[in-house]
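These notes are about the structure you will find just below.
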Amino acid sequence: MKQPLKSRNRSGIIERTLTDINNTLEQSVFAEKISRRGGLLQVVDPRIKLISMIVFLLTVGLTRQLAVLGILCAFTFLLAALSAIPIGFFIKRVWGFVLLFTGIIALPAIFITPGPAIADLPFGLSVTKTGVQTALFLILRSGTSVSFTILTILTTPWADLLKALGVLRVPDVPILILGMTYRYIHLFLHLTDEMFLSRKSRTLRKLSGKEERRLVGEVASHLLGKSLHLSSEVYLAMESRGYRGYPKTINVFQIRWVDWCYSGAMLAILSAALWFGK
Amino acid sequence: MAFELAENQPVYEVTNLGFSYDGQTPALEAIDMIVHPHEILAIVGSNGSGKSTLLKILDGLYFPTGDTVKAFGQILSEQAFRDDVFNFEFRKRVGFIFQDSDVQLFMPSVWDEIAFGPLQLGVEKQEIVSRVERALNELNIAKLRDRAPHQLSGGEKKLVALASVVSLAPEVWLMDEPSAGLDPRSASWLKGFISAQAQAKKTVVISTHDLSLVEAVANRVYVMDENHRVIAEGSPEVILSDRSLLIQANLCVNK
Amino acid sequence: MLNKSSLKKIPRWIPAYYILMAFWFLSTALHIPDGYLSPATTTVMTILVLPFWIIGLKKLREKISAKTVSAVALFAAFSFVIMMFNVPLPGGTTGHAVGGALAAIILGPEIATIAISIALVIQAIFFGDGGILAIGANCFNLAVILPYVSYAIYQAFSRNQPLDSKRRILGSAVGGWAGLTIAAFVTAVQFGIQPAFWHAADGTPLYAPYPLSVAIPAMVIPHILVASVVEGLITALVVAYLIRANKPALEFVNKIETSSAPSNAPKWRTLWIGLAVLIVITPLGLLAPGTAWGEWGAEELTSLGFSFIPEGLEKLSGLWSAPMPDYEIPAIQNPTVAYILSAIIGIFIVVGLVWLFAKLVAIGRKPEPQKS
């Protein structure tokens, strides 16, 4: 969703924002589609998935052995394959991002981290052993973490993920707010899309930087006005159906044998990882 | 709390109601209105006549000063709604359909949307689940169960909004411009839905400027003008044939 | 000693990787992914942000009652969408804004914390943008530091000013700029302490590999020049538009502030609380498990050509110990103290400059009776 800062031609802030918005919308449609497929992670109880995600991330965070990180990373691929997630998409989504961003960040560390040199390069540079290790740590750690997070996100419908937050003792108010926010993000994305499109259809020449800034300010302010208006109307709609400021949530989750199996397997794998990663 | 209606007692009694949002410009002036049980009442008027505001007052969302609005024989006031039991009993009986479905659909999925009302009103979990199923089936939207509101068309959103009130099983329906933005097929389906509510011994109050809807479903009509007053009351046949009245209310143009 | 001599030749490469890193930092809009911070750090950050969440939720309940649920949800949705806007900057560059300063101006900093946190959580658990374990750290930087600092500055500019005052626009621009810059600084501190505390036996840093002397300039300088400018700009644009078209929105926060009359002290107090917390964070890292600083002593850093902070560092370490600590001498204690001191001094310098600027503007504002 985020793109690196670009200093291209200034022609297309409208187009670029439109592209960003459409990518976001498509992404959410795609995620929704995958979460309805039949696969291993799709059938696991969302609460179990949420807890195992956090334990997994902690394990990845605590591991001090590159080999263990590598195995955990391979494990995410196995899970992706078992959960009907297209591997090509998974690699692009996770590792494209990680190599592009974390790769760039980790690159200089290879040369400037103090330690024994393992290869000399021109210009008096040398690759250090500690440098390579630290770069691998950073890339594998963030890549494996992103992998598991994306796996969880893709295989769980948003509404279920929200309700599962209850097991982490997240109070009902933030859960309700999160759900409503997500819902209105989509409304605002569509609105913004329409506003920019209508402006685009009326614009024959390229806008100057000043005009573009003004346009962005206007669209932002219009959205703000809309959000202020909706916030009071939506409250009335909630009140009308009995909301009194103390929201209640409901879920129809049930722990089944597959959840026990999954929890057991995760527990075994992660304890082993913690032990060997010490 | 006596929320039961006595024989022939009106559902709503509005006497000399005035209302203003900012204390200066009036939104409603000197409204007198009666809503009888099991009738379909239409409040017609142009945009800005105050009919939406009136409907929100009938739903206990805005409060006028004084005891000008009574529902089920009880005065609707901010004071009264602070009482949990009163609020609970009233909300259980009265359902509101907002003009803008994007306002009414605020939950992340259709299922959660329909479960929201009964859940807040403390209905038991098993009962909620079966009520949601019934509402989904009644409106024939079972396939939309897991959809997010942004994945719905305008007509589907209206159906989900209706389902979210069906699950409350209200005695009184308040509908603000229910046919606005609907395609002809959805609009015609809606007419059937509203008529069915009256046959099921429910009371329906709709605010609209869609005269075809009035003609199709209403038993009785109030007309509001741009000065936020009621200027006429009568049967749809009488009201709809009075051209000068409709022109005065800015509901049709003089050709 | 081989590596030492090779290291000395690096300086000409420094600008190149500063630029690379700067691009990366800017592109993530400060969303720290998982794996960059040790679990100990993320835990500490989550504990630090908790009281702000509690204050925010409490304020929600007290001030605008049940209604706030929808208000916060809608505002969070708004700030999420705003974050997607490409804002054109003079010179043809574009960037993204966080919207945190705007949230603070309209909702007040306490509730802004909740709104921005919600947007950040959605980015993390829906888009995988920013880490899950790092949610606490991200919320602290962007949902606490940013709105509190921005709001204090905006207040300093616009207090007792009419709703259509141009000072509001100026205050919102400066507030957004300074708020995000300081947030970037705080983020850089979190990155920068990683290699010192968490590394393997052979000195391999286990998390973010760059020390403070690299992380701080790489984060702060591009923010001063680009990202913070975007934040300031979009805040000012919207505030200017609101002044023209929707003045009540600017009073929204005042409606929430039912009790306290706008006086000087409480507004500044928010800034000082933020500052105090900032200063607390740095040493807190020391309590967390981990060995002392590695071989990244002050002397070596200066030899790498980082003159910005390390120069001051060396002087500081001189204050504590032998004037010229050699590379071979494990100068562990002093650089540690010096690093932290430099961080604190850095914070003071940034905040002090902004404060001074705000004061100068306040003095320039004539009819105001002396309150402070």
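As written, the chain order gives the labels A, B and C, with residue 1 at the start of each chain.
Methods note: a contact is a pair of C-beta atoms (placed from the backbone, for glycine too) under 8 Å apart; a residue touches a chain by one contact, two chains touch by 3 or more.
As the structure is a prediction and not an experimental result, all values here were calculated from the model.
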Innermost chain, taking as reference the mean of every protein Cα atom displayed: A
Chain pair that, of all pairs, has the most C-beta pairs in contact: A-C
Interchain centroid distance [CA atoms averaged], chain A/chain C, Å: 22
Between chain A and chain B, centroid-to-centroid distance (C-alpha), Å: 41
Separation of chain B from chain C, taking each centre as the mean of its C-alpha atoms, in whole Å: 49
Sites on chain A at which at least two other chains make contact: 158, 180, 182-184, 187, 230, 234, 238-239, 243-244, 247
Shared-contact residues (touching 2 or more other chains) in chain B: 106
Multi-chain contact residues (two or more partners), chain C: 70, 73
Chain A residues touching chain C - in the complex, by the definition given at the top: 1-10, 13, 16-17, 20-21, 24, 27-28, 31, 53-54, 57-58, 60-62, 64, 101-102, 104-109, 111-117, 120, 123-126, 128-130, 133-135, 137-138, 140-146, 149-150, 153, 158, 161, 171, 173-174, 176-178, 180-185, 187-189, 192, 209, 212-214, 216-221, 223-225, 227-228, 230-232, 234-235, 238-239, 243-245, 247
Residue ranges of chain B touching chain A (in the complex, touch as defined): 56, 59, 61, 84, 87-88, 91-92, 94-96, 98, 100, 102-109, 111-112, 115-117, 119-122, 125, 128-129, 146, 148-151, 164-165, 168
For the chain C and chain A complex, residues of the former touching the latter: 2-7, 9-10, 12-13, 17, 20-21, 23-24, 26-29, 31, 33-36, 38-39, 42, 57, 60-61, 65-67, 69-78, 80-82, 84-96, 102, 106, 114, 118-119, 121-129, 131-133, 195, 200, 202-210, 226, 233-234, 237-238, 240-242, 245-246, 249, 252, 294-296, 300, 304
In the complex with chain B, residue positions of chain A that touch it: 29, 32, 36, 157-159, 162, 179-180, 182-184, 186-187, 190, 230, 233-234, 236-244, 247-250, 252
